[in-house]
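Below are two complexes that have chain A in common, paired first with chain B and then with chain C.
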Partner chain A sequence: MEEKLTLFKNRKRFGIEKNIDIIFKNTALVLSSFVAIILLGIILVVFFQSFESFSRYGLKFLVTSEWNPVKDEYGAFTAIYGTLVTSFLSLLITIPLGVGTAIFITEDFVPKVVREIIGSFVELLAAIPSVVLGLWAIFVMEPFFRAFFVFLHNFFGWIPLFSTEPTSRNSLLAILILVVMLLPIVTSIARDSLNQVPKKLRNAAYGIGASRWKTIFSVILPAALSGIMAGVLLALGRAMGETMAVTMIIGNSNAFSWSLLSPGYTISSMLANQFGEADGSQVSSLFYAAFVLMILSLVVNIFAQWLVKKFSLKY
Partner chain B sequence: MNSLYYQKRLSRNIGDKFFTSLSVICALIAILPLIFLVTYILIKGGSQITPELFTLEPNPPGDDLDAGGINPALIGTLIITTIASIIAIPVGVGGGIYLAEYSKGGAFSRFIRFGVNVLAGVPSIIAGVFIYALIVSTKILFGSMYSGLAGGMALSILMLPTVIKTTDEGLKLVPNELRYASLGVGASMYTTILKVTLPSAFRSIATGIVLGIARAAGETAPLIFTALFSYYYITGFGDLFYEMGSLAVLIYNFALEPYDAQNKLAWAASFILVLSILSVNIFSRILAAFTEKTKRV
Partner chain C sequence: MIKTNKKTQKNIILSLENVSISYGTFEAVRNVFCNFKKGNITSLIGPSGCGKSTVLRSLNRMNDLIPNCSLKGTVLFDGTNIYDKRVDPIEVRRRIGMVFQQPNPFPKSIYENIAFGARINGFAGDMDELVESSLRKAALWDECKDKLNDSGYSLSGGQQQRLCIARTIAIEPEIILMDEPCSALDPISTLKIEETMHELKKNYTIIIVTHNMQQALRVSDMTAFFNAIEYEDGDSGKVGYLAEFSSTKKIFNSPKEKTTQEYISGKFG
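The block that comes next holds the complex of A and B.
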């Protein structure tokens, strides 16, 4: 009798516990699906808010560069062009610098302690807020490069990219501050992928008489290429979405110009500048621009993830 | 005989030297501006630090006698990041628990993990745009438009992927034997998670979350049209529903002012922001290195 009672009690407790267990599991399930809900929510909200502008201007929005709230004419070509040009050109500068630095850190040119200090220093810099970088760009970088820009214009003015007098806020400065922002990302990811290349590959190359740089170029870099590529794509996504530093230094002008030395615009800086005080169809057009930005960064990000998944298990 | 010794003039050796110096130059070019950046912020910002800075309101620009302090922005940053953490940490830890402990690698969990990575790549200004459309323009929060609460929500979207990822990865590192042992002595799944696996992964999860909070504290883009900015002291709970200043937005606004006093205030705010973010980062790095060493023993 006594025994039966405790058993009965135990079973009862077990029942409550079972319920708590189920509730706990389902709560965790719901919380994890929040990610999907937020992601879909962002896409849907931005899409539906841009619908008015989308149905009025259609794809013409992407190729015209008039942005005139008074006449209700909207086209985001200048901003889209600016986004693509600043992000691609900054990557073009960042890739060799970042990969070169990563090679420097992973090879044994200097003692390990020094390399580790450099490595963690570079990673720490990824933590500096971009608004602070923007402040630094305005007050330190711009005066520093002013003479160089004048030189660029005077000697290479025949190239359309440098064809205007340099202004104190311009696209080239935005590109340079993006380089400072992207360097830590590219360097740390490139370093990780270089470190993951098995040591026996290197030893095999040395063993058949390859020199250090022959080994790096023909064995190590190709083996780490997918990881580096993924890092580069992530950096590209960051560059396209980067707002503060670029907004502060690019000049925010919707007048289209081929020259990098004149003020420009990016989608994110357009949003940062105009969203607060926009109304009517301007808001919808800004949402349209935000949608374009989101699609661009989604495509880049998904491609990066696909690349990682496809090539990460090679060794 | 000669071929046994290192020959300087051999083309492959010359090439090696060339590329080695090239990579040294790359590293120098990459690191020097970064060193300049940090020292400049620390020196220029550090020289602006006064006790009044922490207690006064900023004066509206135009008054070029004295810029005042950054008290409201400092408190605002603390409040907004706290709101973001209150939203993102439970959701993120819960989601991470599901991914690491319950999911069996099926389509749903793969989709969520993919979603986490995609959400991490969404530009931060899009989070601001989303919250603007959802909360600011609809005035859904008791009729208030721009508010500290909305700003906190925008930041929580940016924190969420970090929190989920660190929880997921931290829990996955917990050895399965611990789970078997706990379940084997009759503990239920939730007891096992709350009493065994979460505590043993606590340090790595906490480190990741703290780093996520530090990153969110410096984010500006999601705040400029959700929390906006305010020059006035935060006096009570009700201020959550009104415009709220933050260090990041203060730097943005005052860097673009033509007045020297405001610019100096922006430098001071950068100093405080960068110093706190860097010290959190360095501290958690040291902690992580320390735990790694003790684990190996």
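The block that comes next holds the complex of A and C.
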């Protein structure tokens, strides 16, 4: 018995080091708990701040477009519609563009050097501050697309989305600038997850006579889907929350219109525009709108997770 | 070296004529002449780095997927050079299937693993029947007939490899290439695969790369021994070549070349 104990006695790390271990573990626990605490804190604060508005307007807040601080009437439908339509349409354009780019730079259609240059340029796009993009959108993109918008209105005016005369600030411009901002997110994450698909799966597909086309769309993409979806979700979060560039270009009008060619509003741009001079029930209504924004992205997140579970190939 | 007139040999399904394969400037194998007979199992053996896998992968143009890989010479399949510009590599791979070193089922159900290849190759018959017959030929049917909808990854390594064989059979190739199909498997699974190969021999030509000489002896009719030598032009790298090609019996009992004798008796490798 005595002999066996020496085994333990000789271990010097028994004292201080072990205490350090415990301290480290607990510090890590506390620090990582902060994430959860902060998240819960934000949700609670937003919820309680919006309570006044919530009890006064209830769900009517979500479906009316009246926003009149003088008469104390608030409805966020325009902003909610604007948020949904800008983020989903911008994603709709970004996903094929971004995933397509990712496929292009992970396959060997062109020499590696070219692919790497394209890849790093796409990533550099993410480094441009959104206020710069907003400025660019106002002074370069808008004049560039003006004729195209007129064309859209003239030929597709029967579609509600293009039913008004294009104005120089409108939702469609916001969608286009969002595409520029989302593209690097979707592309770089899609590229990483495509690269992570094991080579042996590609071999397997080619080995049974699959064309490159078939290999990419039936094997490689489904196997990378969960990663790509994660990128899309991140992009969606960005699209819903993006404030600066959108506020600069969207026109900030609470008058509801289905048309993308007329000025619109998003929840984020509404918050940015109004928090300064808001008081009383307007503050509460803004918090209510913020709460709606959080719920929206939560719902979209859960839906997307379900989609990924359903369609991705697990390797 | 075997340099026979191809017209006089009717049973030749695949022949290499003066094939050299390089990766960039590095030459992996040089001047290979070799004829594979229809309905035979041919083993490619040799020490590491002798280029036997490279040769195998060149037979259905899988090497096309490796950047910088280039081939000189001709590979005749049914009298056509598969490296001819007009030849579609996808069609080549459909008629010359491949089983890889690592079992690589698709991350789909067992059923889909087999149906996928058949479907993309335009199979229009009864899919259930094809799945069953392919699995039977690969000696896997009894083990997985009740769980066809489970993921291919739910199978053991040996079963996965037989699933890959079944998947290859399902596209009805004329030749099946196997690149060390048992190197990741336990002895029992290995024996099962070998039994499967004996069954397959009735309908298919099989070319197999193996590190296991006992396996070559057990399964193959013909054996090609590849070796690697130093560049004669003083370069530091080694280049592979076909040292001896003969019936398996001859290679193992009375090899002509001294290096073959040394390799099969385990003096190097």
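The definition used in the following text is that the second predicted complex is superposed on the first by the 268 of 315 C-alpha atoms of A that agree within 3 Å, B and C clash if a C-alpha of one lies under 4 Å from a C-alpha of the other, contacts with A are read in each partner's own complex, and residues count from 1 in each chain.
Just so we're on the same page, a residue touches a chain if its C-beta (ideal position, glycine included) is under 8 Å from a C-beta of that chain, and two chains touch if they have at least 3 such contacts.
In this text the structure is predicted, and so the values were computed from the model without any measurement.
Looking at the shared chain after the overlay, A:D108 reaches chain C, while chain B stays out of its contact range. Ranking chain B and chain C by residues of chain A touched puts B first. When the two complexes are overlaid on their common chain A, residue A:L261 makes contact with neither chain B nor chain C.
In the superposition on chain A, A:I220 makes contact with neither chain B nor chain C.
In the superposed model, A:L173 lies in contact with neither chain B nor chain C.
Residue contacts after overlaying the shared chain place A:V292 against neither chain B nor chain C. Using the contact criterion defined above for the overlaid structures, shared-chain residue A:I189 touches neither chain B nor chain C, since it reaches no partner. By the touch criterion defined above, A:K200 lies against chain C but remains apart from chain B after alignment on the C-alpha atoms of chain A. Once chain A of one complex is fitted onto chain A of the other, the partner contacts of A:L234 are limited to chain B, with no touch recorded for chain C.
Note: residues 211, 214 of chain A belong to the chain B contact set and to the chain C contact set alike, using the contact criterion stated above. Residues of chain B touching chain A in their complex: 12-13, 15-16, 19-20, 22-27, 29-31, 33-38, 40-41, 90-92, 94-99, 101-103, 109, 111-112, 114-119, 121-130, 132-134, 137, 157, 160-161, 164, 188-191, 193, 211, 214-215, 217-221, 224-225, 228, 248, 251-252, 255-256, 263, 266-267, 270, 273-274, 277-278, 281-282, 285.
The residues of chain A lying in touch with chain C in their complex are 108, 112, 198, 200-211, 214, 218-219, 222-223, 313-315.
Considering their complex, residues 60, 62, 65, 67, 90-91, 93-95, 97-100, 102, 104-108, 116-117, 120-121, 151, 153, 164, 167-168, 171 of chain C touch chain A.
Looking at the complex, you find that chain A touches chain B at residues 17-18, 20-21, 24-25, 27-36, 38-39, 41-42, 45-46, 49, 96-101, 103-105, 107, 109, 118, 120-122, 124-125, 127-136, 138-140, 180, 183-184, 187, 211-214, 216, 234, 237-238, 240-244, 248, 268, 271-272, 275-276, 283, 286-287, 290, 293-294, 297-298, 300-302, 304-305.
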